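Labels A, B and C are assigned to the chains in the order they are written; within every chain, residues are numbered from 1.
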Amino acid sequence: MATSQQAIPPIGMLGRSVMTRRRGALLELGAEWFIRSTGLLTIVLLVGILILLARQGLRLFIELDYPVGRFFTYGNAITDNTTDPKEFKFGVMPPLVATFWVTVMTLVFAIPLGLMTAAFISEIAHPRVRLLIKSAAELLAGVPTIIFAFVGLALVVPRVNDYFGWGAGGLSGLTAGFVVSFVAVPLIISISDDAMQAVPVDYKENAYALGCNKLQAIWCVIMPAAISGIAAAVMLGMARAIGETMIVVILAGGNSSLPHDPTESMRPMTATIAAGFGNASEQSLVRPALYMTGAILFLLTFATTLIADTILERQRKRFGR
Amino acid sequence: MTALTVRSSRNQRLDWLQRIVFSLTFLATVVVCVPVAIVAVYVISHGASAISWEFLFSGPARAGREGGFFPVIVLTMYALLLVMAFAVPVGVLCAVYLAEYARPGRLLRLINLTIINLAGVPSIVYGLFGVALFFDVIHTKQALWVASATLAMQALAIVITSSREALLAITPGIREGSLALGVSKLRTTFFIALPQAFPGIITGSLLAVSRAAGETAPILVVGAIAATNVSLRPDAIINDRPQMLSYELYYRITEGLGLADERKWGLALVLLGIVLVLNVSALLLRIKIQSMGYEKRN
Amino acid sequence: MRETTTPGKQESRDGAQAVGVSLGGLPYRPAHSAETAPVVLRLDKVGVSYGNVPAVNDVSMDIYKNRITALIGPSGCGKSSILRCLNRMNDLIHSARVTGSVYLDGVDINSDAVDPVQVRRHVGMVFQKPNPFPMSVRENVAFGPKRQGTSGRGPLNDIVEKALRSAALWDEVADKMAQSGTALSGGQQQRLCIARVLAVRPEIILMDEPCSALDPVATLKIEDLMRELARDYTIVIVTHNMQQAARVSDYTAFMLASEHGVNGQLIEYGATNEIFTNPKDKRTEDYITGRFG
């Protein structure tokens, strides 16, 4: 055998060359650490958003002496430029409830539309149709929401006003939710289609082998198997609805008091920030109040996204993709 | 034998149910796709008449009621270029870290989760963050740059995700081939991996920029201005507050009866045009990449 | 960089004796009693584990200059893991852990003082699946030299032509230099990958089942090429084709795992004709006579 003795051979030319430093090795090391730091930048950004919003928002209670209880319970959200905490009439409850109504209305329209379309393109239609519809949905997702709002204002609002007379001349939470649903639908389609595609083919084949027809296979086998992906799709659509701003600014009506049902004119959190921030003076209590509202908005979408991702991760583990 | 040919009433009911449900899903698909057509047709039919040489290439007069929106269009393009300049290098480097350097583990999971969450943060929250960071902490006055930087932060998640996907889609053997030649990892990344991922990175950047072009809420918060009688000065790109098509449209919709409807739809058409051109080119590029990959596999 | 490494390389290339002399003072006992070539790689108790699962351990062997050494054994015995230790390719697998020492011309390449990139410049590698870069044939071959600082059309063209000639590919691609490397046939692609390695002028070439994705004709061409290259280079090849090992190699190491992918071991190492005609270990005999694996 070749290995009877363990003497280390003396170092030759080749060995010495292996130990020499490459030209520019230090520079490359620096560049690599720079690249690593950009990875951490994303965490810094996300944490930075929360910290900065909270810092600016908590001033309202700490420096400006606005009562915390009043902020969370007061039934109006008027953003006039007062510097006196006793005169300030801002509570986060009305915007929060308005956001809730708009989101619920969005989901009422978006869930059936999105899931049925996803089932159609994923299981029923020809793969080429699937590609076509997915592209169309993507284009739909790319249309600026301000244009949706404008078209909604021209097409949907007059009809809502004529037939139902809801809200302020057709501007209501329901109107806004209906239009927002077209923004949320592409997201729901895309993610739940992915989830249904991820269900192994054997599941379907087994269902057919047991004498199921296509509908039964979809309803009893594929949908239940893809349920976590579908749930995540709905959650992400919900996050999209919570954060949507321009449609809500223009179509929800803008009433700052507490809404009791979705057909009223209302002003959700995003719209409250958008409408009030530009006009607010530096000294007034408006900006801190809106920062605080923004922080709550951030936490809401953060939690929703986090839950959706946890669900998706479970689905991925289950089907290995 | 007859059992196979005679349909039981239960089976018939099931078939009918299936037909009805499938028709409903088809209907839903149509309902989803129709808005694309409606929006496009409506905007074009109402706005096309406003589009003229003057509308696109001259400055505004009488507070925008006459003349054109040239300064807005130019400043929008300029802001989008800035967005690209801010977001693409950082986003691509971050994607390089995630795809080439990061080791699987808790940190990678955390960063991936962060990116998903960054994509989900509402645009108006980015606007608030931009104001707080650039005006209150850094104390800068360049509102146009601040607006672009804010939009870039929002675009970051899209750039990172698509670039990372593009990098991960490269056959791993190619990287090993380069490393086995004694080429360092950094050089392998820049000379082998990134050129391969280039089309995917472009697709993601186009999508991100098109999203930024349509974004209104952050601009609203950062503080944009609408077109007035002032025509474009050369120094506007450094000193001015941002003028963006999306904001201009919002301003004109909400200002009341200031502007003829036709001109508002004209603005919407220009905005939609820019966004759709960016979007469709991204889409075509992706379909092309996918079909190339398909050929390669066969 | 080239400037600093080239003289040393030429010295060791032109006068193999130079290294031989420097090693001459040590009492080597070569695997083949008549072996006079110097040792360029010495493996000392090398082991690899993935996560906590030991894939292969305690491999000690010497690899001789300008000889072809074949690693054979059933799949999952750790041949490739050992091969990848020889130019630190295992660094790229996050869960992989390498123990023991690999001496390249007297230097343990696993030590901190050694730059893995430098190691790979001297120890090139050809992979199981041909992996040409998606660029032209010329760019494929010029890629390595360019990244190491060679520039200018003239010098690069010379390197490319020489490498392609050495890889017995020049006649087939001389008029296709601008074509994509991925458009060549499988066998041509693999020879292109060999040419790519030759262009950076390594001392040692590692080949990880280089013919397993090729048809018999292309396989024979690569085998001929290996014999040709052995005059200038040291080659270590992993193969699970025993005939191939018998045809091309001077030395053969037989490896075996206790179960699939766990605890691979070096069973027997020696001159190829001895291993194939007169194996000392019963397991080697079983394997080469086709009783298992």
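Throughout what follows, a residue touches a chain if its C-beta (ideal position, glycine included) is under 8 Å from a C-beta of that chain, and two chains touch if they have at least 3 such contacts.
Treat the numbers as computed from the prediction; the structure is a model and nothing was measured.
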* To do: Could you name the chain whose Cα mean is nearest to the mean of all protein Cα atoms here?
  => B
* Asked: By mean C-alpha coordinates, which chain is most distant from chain A?
  -> C
* To do: Please compute the C-alpha centroid of chain B, do the same for chain C, then give the distance between them in whole Å.
  => 48
* Structure fact -> Rounded to the nearest Å, the gap between Cα centres of chain A and chain C is 52
* Asked: Centre to centre, by mean C-alpha position, how many angstrom separate chain A and chain B?
  -> 15
* To do: Could you list the positions in chain B whose residues touch two or more of the other chains?
  => 184-185, 187
* Contacts with two or more other chains, residues of chain A listed in rising order -> 22, 25
* Specify, in ascending order, the residues of chain C that touch 2 or more different other chains. => 117-119, 122
* Asked: How about chain A: which of its residues touch chain C in the complex?
  -> 1-23, 25
* To do: Under the touch definition given earlier, write down the residues of chain C that touch chain A in their complex.
  => 1, 4-5, 8-9, 11-12, 18-19, 22-23, 25-27, 29-31, 39-40, 42, 44, 60-62, 103-109, 113-115, 117-119, 122, 149, 203, 269-270
* Using the touch rule from the top, collect the residues of chain C that touch chain B in their complex. => 87, 89, 92, 94, 117-122, 124-127, 129, 131-134, 143-144, 147-148, 182, 193, 196-197, 200, 202, 206
* Structure fact -> The residues of chain A that touch chain B in their complex are 22, 25, 28, 31-32, 34-36, 38-43, 45-46, 48-49, 52-53, 55-56, 112-114, 116-117, 119-121, 124-125, 133, 135-140, 142-151, 153-155, 182, 185-186, 189, 213-216, 236, 239-240, 242-246, 249-250, 270, 273-274, 277-278, 290-291, 294, 297-298, 301-302, 304-306, 309
* In the complex formed with chain A, which residues of chain B make contact? -> 14-15, 17-18, 21-22, 24-29, 31-33, 35-36, 38-39, 42-43, 46, 90, 93-94, 96-98, 101-102, 110-111, 113-118, 120-129, 131-133, 136-137, 153, 156, 160, 184-187, 207, 210-211, 213-217, 220-221, 223, 246, 249-250, 253-254, 264-265, 268, 271-272, 275-276, 279-280, 283, 287
